[in-house]
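The same chain A turns up in both complexes below, where it pairs with chain B and then with chain C.
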Partner chain A sequence: MNKKAILIILTALAVVLPFFTGAYVLSIFISIFVFLSLSLSWDMMLRTGQLSFGTAGFFGIGAYASALAVANLGLNPILSIILGGLFSAIIAFALGFVVLRLREIYFAITTLALTHVFSVIIRNLSDITGGASGTILPNAIFNGDPKLIYWAILLITFMVIGISEMFKRTKIRFAINSIRNDETTAKSSGIDVFKYLLLVFVITSAIQGVIGAFYAQQFAFVNPESTFSLNFLLLPIAMALVGGIYTTSGPIIGALILGLISEYLKLLIPYGHLVVYGVIIVLVVLFLPEGIFKSVKKLFASKDNVGSDINAQS
Partner chain B sequence: MKKSYLLIVLSFLLAFVLFSMSGMAQEPIKIGAVNPLGDITGRQSTNAMELAVAEINEAGGLLGRPVELIVVDSEFRPEKGAAAIEKLATVDEVDFFVGGMSSGVHLAQIPSLKKYKKVTVWAGAASHKAEEAIGADADWYFHLHPWDYQQGASYGVGWNAIVKENPEIDIARVFLAYEEGAFGSDSYKAYAAMAEQASEGKGAFAGVMEEFKGASFKSAAMGGGDYRAMLQQAKEYNPDLFIWAGYDADAIPMLGQAREIGFEPNLYVGAPPGWPANFGRNPLSDKVILYGMWAPALNEVSDVAKHFWDAYVEMHDEEPATYFAPLGYTNIKFLAKGIEKAGTLEKEAVISALKSTKYVSPLGSTLEISPSNIIQNQGFTRQKILQYQDGKQHVIWPFEFATTEIEYPFSW
Partner chain C sequence: MSLTKKQYIMLFLLALIILIIALWQPHALIYGIQRGSLYALIALPLALVLGILGVLNLAHGEFLTVGLYLSYMLYERFNLDPLLSIIPVVIILSLIGAGIYLLTIKHVLKDGHLNQLLLTFGVSLILIEIINIIWTSRPRNVFTSYSYSSMSIGNFSFGTYEFLYFFMAIAVLILLQLFLKKTRLGQATFAVGQNPRGAKIVGINVSYVYLFVFTLAVAILGLVGAVMLPRTAIFPAVGSPFSLKSFALAAMAGLGNMNGILIAGIGLGIGEAVIKSIPGAGGWADIVFFGVLIAVIIARSYREGN
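Let's turn to the complex of A and B:
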């Protein structure tokens, strides 16, 4: 069976899943798709050679933009998700002119600090944002219907996968790879480094904003503590590392494996499952440093080579 | 021959019918709990729930049926807490929901709880936002922990009573030191509002609080830990009552630095969500006042508290260290009492029974239901004022549960 057929089957299975399962399984997959999209967006930025720790920050401001637009302006929740993405993109565009001048650890630390700064601003604009207590919405999106919520996040996830693949398949890929490998060479080849970095930063921040907005609408609330939680940074990174970075498949595999393992372990070992979960992540990172996707791919490739060598010898 | 065949067939039929009936009778009543099991509050609350269920089953169960407790870890993550409700409702098909803690997690669970509308007795989550999210119509929802605004008001009532009982005590000048994060900022807003009300002769602090000042500090839990600037401000203000709202990590260093700069208010009050383990063993802890729902010293004045303490230690081989332990026990016992009173699992009957159920809890107070600002079914409305004396937490207010009298003034 070729790759295309497998992808079509997997996509079809993902689409029809709500007809064969209940709200609990759907809620697990909804959560997996949320973190999968965040993981992919983090990886897309990493492909430029920039380690961004701003995932939780842009997730949070997207969530707030969406929630406040619904609560205060009565905007349609679906439109508010788009607004969340746009708002994060605008903020990223403005901040990009400053932070994208920085490189390596300085860029990483500054983007991490942004999350804290956003959270402090939100807390202090209490008349608009509800301050530390946050804001609640009258209703969850689609009145909490798990099937519709699942299909909505599935659609968003497909779009994120599409953007990631676009980064891998179009001309942008040459610019991004070149910037990551050697910025000076990229510049001397005529690549506008800043333009490409800004483009990727804005697109990935917009994705994070959309996901944050979706999350806020799914649970019908935002508050600084939960919405700017570092879980929205650390888990996506862990998923990308486990699955394999610089690819679309890596974060997808990482999110599916860690998302499912986390839930399974919880049911199996109610006390202490987080320890086992942590140990699994550490072991994968230690022994499969390229991630599961690339390691498995290499394993099959070496088997094929052995097979073809044997055939050649015989 | 035919007769004996007939008898055998009839005996089998009878046995089958009896067996199925007994099977039906033994179908357990399922209670679904969602707690953060990786945290001491959730773990001890779950331990206490297991104790309560074990006691109920030993006594013959409820309505002739055993009780089964199904626990799912919320991991302190909103999406996990919401998924836990979905699992309990659709996979385990529980009859009732109980739990849990963290307002953030609970806010994410509320859309799911509203979808299933099963009778829910919730122990934690104090944010008034959770109350707003539940709304006035949810007659199936019972909330046990006092809401944030009720806690603030109860301190005012408590201090009023203490001042009345001990005329030498004065709390006219209040200084609040608050950590700059969400918890501290909320505390400051609540106190500032109460101070404003008091200045107009209204609210719980009316008649006792005359002046109020606040200053923020960076909590040791958030990378801070130097409180000297804030403590100097407090010293210059010379308050009668000094309160700090931060985290357990601040408790000991703040006391040490206060002593170092010679700051000695007459009343030194700490209001963190939890205290460091063995804080009472630190000699600086003596006469420090704290707020809480429970103290181990309640064993001296309450038989229920003593029974709970002994049974918990026997079952789990550890001492309860947080009020979420007796609160978790109360959660199950109160629900069980309501079910027994209703005599059925029918929703309306259980709701009606719970509304009129009174349960003498190991927290000292009797749990009974009354409306709060928004919801119909609120349980506890007051916190307690406690004081460390000789290494032990004692209740000093409400007086009916007091295990000792207040030691005043605070001194090094």
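Let's turn to the complex of A and C:
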């Protein structure tokens, strides 16, 4: 019950935040939610045992699909965000038949290479995409109103959290976990491994596409260099690692911690504040494979247990 | 080294293609050989680490970047010629590489691929950002009198400095193979690559071999960095594309096939140069490596699947 109450309070706080703060704080939280959703989508793919380095690629595809639909076809920006997600999903579905045959290091490298291929294709189709200089939209979504933008990304983030929880709670989790733990056993228990991998791949890519589309509409600008930036791959990974992988709460906590820290460091070291992300990734992989949050929690939990034991004895 | 019939056919086809390109686009051929040798030169140490340690080092390109910047620093501070700076750069970079290996990579050798990829990803991010902090992201250049020397045959002229890459690639290839076959440490390395547990049982100090191989790989990158510097504008991300390109070559050649890396490198280098020389389509050249990488990986997976 306690946990539920905290969750409701936090949700309410997140919803009413725009009434208490200015545009600067909102912009920080908007970017935190963007990376939070990416981080969750990356983690959802990881739960099947597949390490994807394609996050930035599907993000970029969604961003371009939405920006070009608005710029060239005059589509409504809100609808264009949905279109961005759909477009990424279709590409992921088509590529999935080939890419999902690969495992481990080969899957990771191929998705990374695909990100580069997407960006090269978009840079070279300059008649449609504006080439290396990118496309500028006449207007940001909601005319750049920070409150509405904040609520929009909050809504998207809630939906992503919902999807992630659905994967954790419904029957599908048995399939996902068993594929991760031992694919051969999963297969011999009658699980259609490919079907589930494709499902997760398409859904996570759609999420990345939606987030990319939102990002493009927020800044009213796409360009191959910044839209396919590897930051959209690295930062989500670092966030999930910090908070703890294979969970919904991990990426959320990681995104909040790292988002706020990096905002502060940006002011401190303008060049190279990302070094913190590298250090965190390395330290977490080496020393805290369960994520910072879980390890700290465990530390406290064991202390509490000791305390309660003593109480019980006295 | 004996070649199978299939390899002979491949070599013959390669020679034929080169001949056609030589007549059609001589510039592309020469430029392709030069670039391709450079790619191979950078891919060799990656393949060595991948083959012996089993780790795909995503920070590979960043070690090259560090080598370039070290050479640049020596040039700027002490006015040391980049080619003379090879020795100090190799020594300093080897120490950095050994340090990073002992601090980080050593501890994930027994972990899954996921941890290794993430760790080296993190290392690459740290290296790039440290360079960003020290030197900022401004591109930098070094000018030497010899780097733009050129030669002409008839009315066709081309730069000669970059042929150094070709000779160096061959030299490194031969030395590496001699080392692996003839020296005791090399044979131990080979054995560890084949079967680490077996090597341990017969008394090879496996962790020493790992350290040595990683340091050697980084040292080669230092050599390449110093030689590249006169013809390269450097910025913090200059080496990053080489990680993936190197892996593309290693995957194409297959593990343990060092000659294959040089052939694949030159092949792709020429392919890239030919596309670059087509007016209006130059931008598509970047796709050659990634396209081939994806195609090779997928083709392999199908072959294994059947």
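FYI, the second predicted complex is superposed on the first by the 284 of 314 C-alpha atoms of A that agree within 3 Å, B and C clash if a C-alpha of one lies under 4 Å from a C-alpha of the other, contacts with A are read in each partner's own complex, and residues count from 1 in each chain.
Just so it is clear, contacts are C-beta pairs under 8 Å (C-beta built on N, C-alpha and C of every residue); 3 or more make two chains touch, one makes a residue touch a chain.
In this text the structure is predicted, and so the values were computed from the model without any measurement.
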item: Partner chain in contact with A:Ala5 - chain B first, chain C second, else both or neither; value: neither
item: First (chain B), second (chain C), both or neither touched by A:Phe219; value: first
item: First, second, both or neither for A:Leu51, with chain B first and chain C second; value: second
item: Contacts of A:Leu286 with chain B and chain C, given as first, second, both or neither; value: second
item: Touching partner for A:Ile105 - first (chain B), second (chain C), both, neither; value: second
item: Partner chain(s) touched by A:Arg123 [first = chain B, second = chain C, both, neither]; value: both
item: Touching partner for A:Leu241 - first (chain B), second (chain C), both, neither; value: second
item: First, second, both or neither for A:Tyr271, with chain B first and chain C second; value: both
item: Shared contact residues on chain A - chain B and chain C; value: 123, 271, 273-274
item: Of chain A, residues touching chain C in the complex; value: 46, 51, 98-99, 101-102, 104-106, 108-110, 112-114, 116-117, 120-121, 123-124, 234, 237-238, 241, 269, 271-275, 277-282, 285-286, 289
item: Residues of chain B defined as touching chain A within the complex; value: 37-38, 43, 71-73, 75, 77-80, 82-83, 86-87, 89-91, 103-105, 107-108, 110-112, 114-115, 127-129, 132-133, 181-183, 185-186, 189
item: Partner chain A, residues of chain C touching it in the complex; value: 56, 104, 107-108, 112-115, 117-119, 121-130, 132-133, 136-137, 244, 247-248, 251, 283-284, 286-287, 290-291, 293-294, 297-298, 300-302, 305
item: Of all residues in chain A, those that touch chain B in their complex; value: 22-24, 26-28, 30-31, 34, 123, 126, 130-136, 139-140, 144, 146, 215, 218-221, 223-226, 229, 231, 263, 266, 270-271, 273-274
